[in-house]
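Heads up, there are several structures right after this.
Two complexes follow with chain A in common, the first pairing it with chain B and the second with chain C.
The block that comes next holds the complex of A and B.
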């Protein structure tokens, strides 16, 4: 086993992120071109939608051919292409070092988007799952700002999402869609897609204003009392929306226009990761950590704790609101029941599974819980025994989550990986 | 006035459910400085165990194994289910809380939430999604006290829960174990050095809290004989709110706040449309906590606080 692992390690030792992206691109192109015939040859009913997890759990007889398919289409091409293109990619990345970093980042993101786009084009299910996963990343990151970086235990995120979702939906439905609640559109629907970012911004701002109601009590209290205040806030928002007949009450609000396509969601997610990553490394982000570790000491060291708290809450709520707005437009239906305890448990699970105080951790947590949730779907209700058990195990063996307290190093991620010097 | 008294009795009944559950939260908090987020689901499990015991006893009686009057079945159900549910509490403590005693508090909160989900789903997987109806052990008699209608069930529920609370109070105040608990709540660093095992005391606290929750579950089943696997969520979170409102770790506070929460909910529903109940009840709680952030009987920032 060990020599085998060594070979793998050596093969990947000089592979930069870019060649992995090349490999993934080749893999999705391969699936697009050869997926159907290959599935037929291997005796699969159709192309496995989610890396074969669902197929394997549903029909255990198909496990060997599904594994073979995944190996032939994904694992094989990715490792071969990544290894082969490593030297070219490294040389390219060397050249890119002469340009601003942004340029290289954009190339990487372009590649990533191309992969996701091609992968999700195969079925509507993949597209929906991808969008929801990207939104989950935004929500998890924004909750991590409060629960991880600032060390509070806030339970109000579903409430912020609901505020954002409803504010955005009301704007778009009122302005650009024909609806039984609001009547015909006021502005020509052609303008809609251009106004959508603005609507999302307004949704985020509404959520941020809501956050003030939690931030102000948080000046005087921490820990459990803040948890209960934020929980009460969540119930109040939910109950308020249920009682507002203008937006449909408990029946919910539908007929949102179809603005949240993959590029939009992807761009907002990238913006969210980028801005939050910069925020937590800024002076204000360090102030958050100081408030978490010792509020009195932070105060003595001239950290304005009140300002820090209010900014952090509003900032996190803004992104939760944006995510809520996108969520409403991806599903094109929203009702207050969505934003309850269930959602809270899901988001908290993502944050604590991935890891506190870490952008990496949030991304890993959101993606793995979403994918796990979908992959274990054939197990039906037992899914909700396996996922909590997994989370309990993670908590027992790594109480702060899988990848906690780790900086998100963009420069390291996109830089070339050269041969170590003495190893020529 | 009659209207007020009528609702007062309803409020006392709701309040006793909340208070019995909130006791469990508060007791665990006073020992471990942690909230047991699976507690609402332990209430649910207690109600189901009570259902099983009651159905079994009723079936045995009707088969003629022994002849028990209904009231005795109810008493036996409450006692046996409290005993059985206390083991559920101890298992939860052993699996979810003991390994995490030195971990950040939020991690233990997450394990508690997840154990709650496992209990709900496990119940759903075992018994299916149908709702069960609790066997009717008490015939409803309605007494008319000058226009105020009181059923014997309501009186029974309030009296039983008050008796349980009184018993718990005596246990904590008078017995040697209760003294150990109070000492542990006072200082959980030094007291273990005096030969009192924190593991034993923590397990016992969970057991007692769960037994109280089981009693609440059976009383709830007597009053509203429909059980479903998610019934613990609503009650659990509301009782958690009551436990905080009373001041964390304060058993007396939890009891009073449980009754207060019952009053707020019933009287809000009485005056306003009932859809506004949660909205107004939680707004009142938010207001109370804004002006009195430590609850009624809680201490402000304490040196013991692990954050």
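The block that comes next holds the complex of A and C.
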């Protein structure tokens, strides 16, 4: 087993990210062209939507053909193409080293977007799920800023999301949509898509203002007490919205215009990851770690701990608010019930499953919990036994999460990988 | 006027009087020591000077300004650097990051630049990194800069903490038992570092110590504290021969 693993590892050590992206691109194109006939030949009712998890759990008889399908369409082509294109990709990346890094980053993101776009075009379900996963990444990462990087246990994130979702929705619905609550649009709806980023920004800012109410108590208390305060904040926001008949009360607010298409969600997610990653690697961002590990020492070493805390809370809340705004526009409906204790549990699970203090961890956590949640849907009630059990296992074997305390190294991710000198 | 002047500083924890009428006049470039038995209030005095506690009464004037009531980070950025008796290193940071962190108050780039990664930010952080390497080399742990500070041997951790305190660009460095828990070899090295810091950077140093040898060798003037009160002040010899100091340390001879 071990020599086999070594061969795989050695082989992968020369494959740059770019050729993996090439492989994935070929795989999604292959599915687009040959998916239907292949599914028919293998006796599957339709193309497996989510890598066959749902099909396999529903009809165990189809397990062999589903695995074969996934292998023929995804695993096989990705490995083969990635392997074959490795040397070409490495040469291309060598050339790209002469240009600014941004150029190479854009090419990688372009490839990634193309893959996601082609993959999600196959069904509305995939598209919805992809958007929600991207939003989950934003929420998880922003909560990680508080709970991971700064080490406070904050439970107010669904509250921030709700503030963002409602602020953004009220703006877009009031200005650009015909609605039973707000009547006809005030501005011509043509302007809407241009104003949407602005509306999201406002949503984020509203959430950030809400965060001040958590940040100020955090000057004097931390740990359990702050957790309770932030939990209270979440419930206050929820009941506030439930009692505000202007925005629909418990029935919620609907008829948001369809602005949150895949490119928009993708770009905001990329911006969120990029900005948060930039921040946590700067000295101003590392100050969060100093406050977490020893606040007295941080203060004595000239770190303005109050400013650090308030910035961290407002910054994290801003991104939660933006994510909330996108969330409301993806579903085109929002109600206060969504932002309750269940949402909180979901987000916390993503953060702690993926790993504290780590951008990779948040991405892995958000994607895996979202995918698991959907993939295990046929198990119905047992889903809520399996996912928590998994979480408990992770906490036993890796108490800080799967990929904790690991810096997100963009340069390493996009650089060419040449043959390792000497055998390993 | 002295660089650091403390007048009639008193501090009470609840009903317990930890420090009473403490007076200090410290000139630039001076090396002073503070000794006393356990629980005499030495660390409390440091905590009062650096703003971790606010004195119940009294004045602390540093560099011509009254610092009572200021936040610890404000006092630290004015030029009062310190180390801690129990180290207080940050658990997940490398030695280099520790020293860079202590340059926090020198950062001029704003939040937006931190978010977007401006060129000014990278330039400033590169300068800070250079300075941090310089300080780590000065205390002799430059080769371990990339390691998590808590994974270094104990002597190394003490040095990282010293470099971290130096990175705040102090005018006065307060060292709280810099040789606690060290073996004789590490002790000699630490004394060498303190001397070097004093000579090369021209800092004033205020030292809490338990080991009389260290204080006697390094300090020009020594204060002795007992139950929150200064019972003696003077040069090493004067202190060594002072009967009250001997009493405090060795106990009074019982009258049989």
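Operating definition for what follows: the second predicted complex is superposed on the first by the 414 of 424 C-alpha atoms of A that agree within 3 Å, B and C clash if a C-alpha of one lies under 4 Å from a C-alpha of the other, contacts with A are read in each partner's own complex, and residues count from 1 in each chain.
Throughout what follows, a residue touches a chain if its C-beta (ideal position, glycine included) is under 8 Å from a C-beta of that chain, and two chains touch if they have at least 3 such contacts.
Being a predicted model, the structure only gives us computed values, none of them experimental.
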item: Which of chain B and chain C A:381 touches, first, second, both or neither; value: first
item: Which superposed partner A:305 touches (first chain B, second chain C, both, neither); value: second
item: Touching partner for A:395 - first (chain B), second (chain C), both, neither; value: first
item: Chain B or chain C, by number of chain A residues touched; value: B
item: Chain B versus chain C as contact partner of A:124, first or second or both or neither; value: neither
item: First, second, both or neither for A:275, with chain B first and chain C second; value: second
item: Which superposed partner A:283 touches (first chain B, second chain C, both, neither); value: second
item: Partner chain(s) touched by A:232 [first = chain B, second = chain C, both, neither]; value: first
item: Chain B versus chain C as contact partner of A:297, first or second or both or neither; value: second
item: Touched partner set for A:246, first chain B, second chain C, both or neither; value: neither
item: In the complex with chain C, residue positions of chain A that touch it; value: 275, 278-279, 282-287, 289-290, 293-294, 296-306, 311, 357, 405
item: Residues of chain A touching chain B in the complex; value: 147, 151, 153, 213, 216-217, 220-225, 228-229, 231-233, 235-236, 238-240, 242-243, 341, 345, 348-349, 352, 356, 381-382, 384-385, 388-389, 391-392, 395-396, 399-400
item: Footprint of chain A on chain B - complex, ascending; value: 35, 95-96, 99-100, 103-111, 113-115, 117-118, 120-122, 124-125, 233, 237, 240-241, 244-245, 248, 275-276, 278-279, 282-283, 285-286, 289-290, 293-295, 305, 307
item: Touching residues on chain C, where the partner in the complex is chain A; value: 50, 52, 71-73, 76-77, 82, 84, 88-93, 97, 100-105, 107, 111, 114-117, 121, 125, 128, 164-165, 167-168
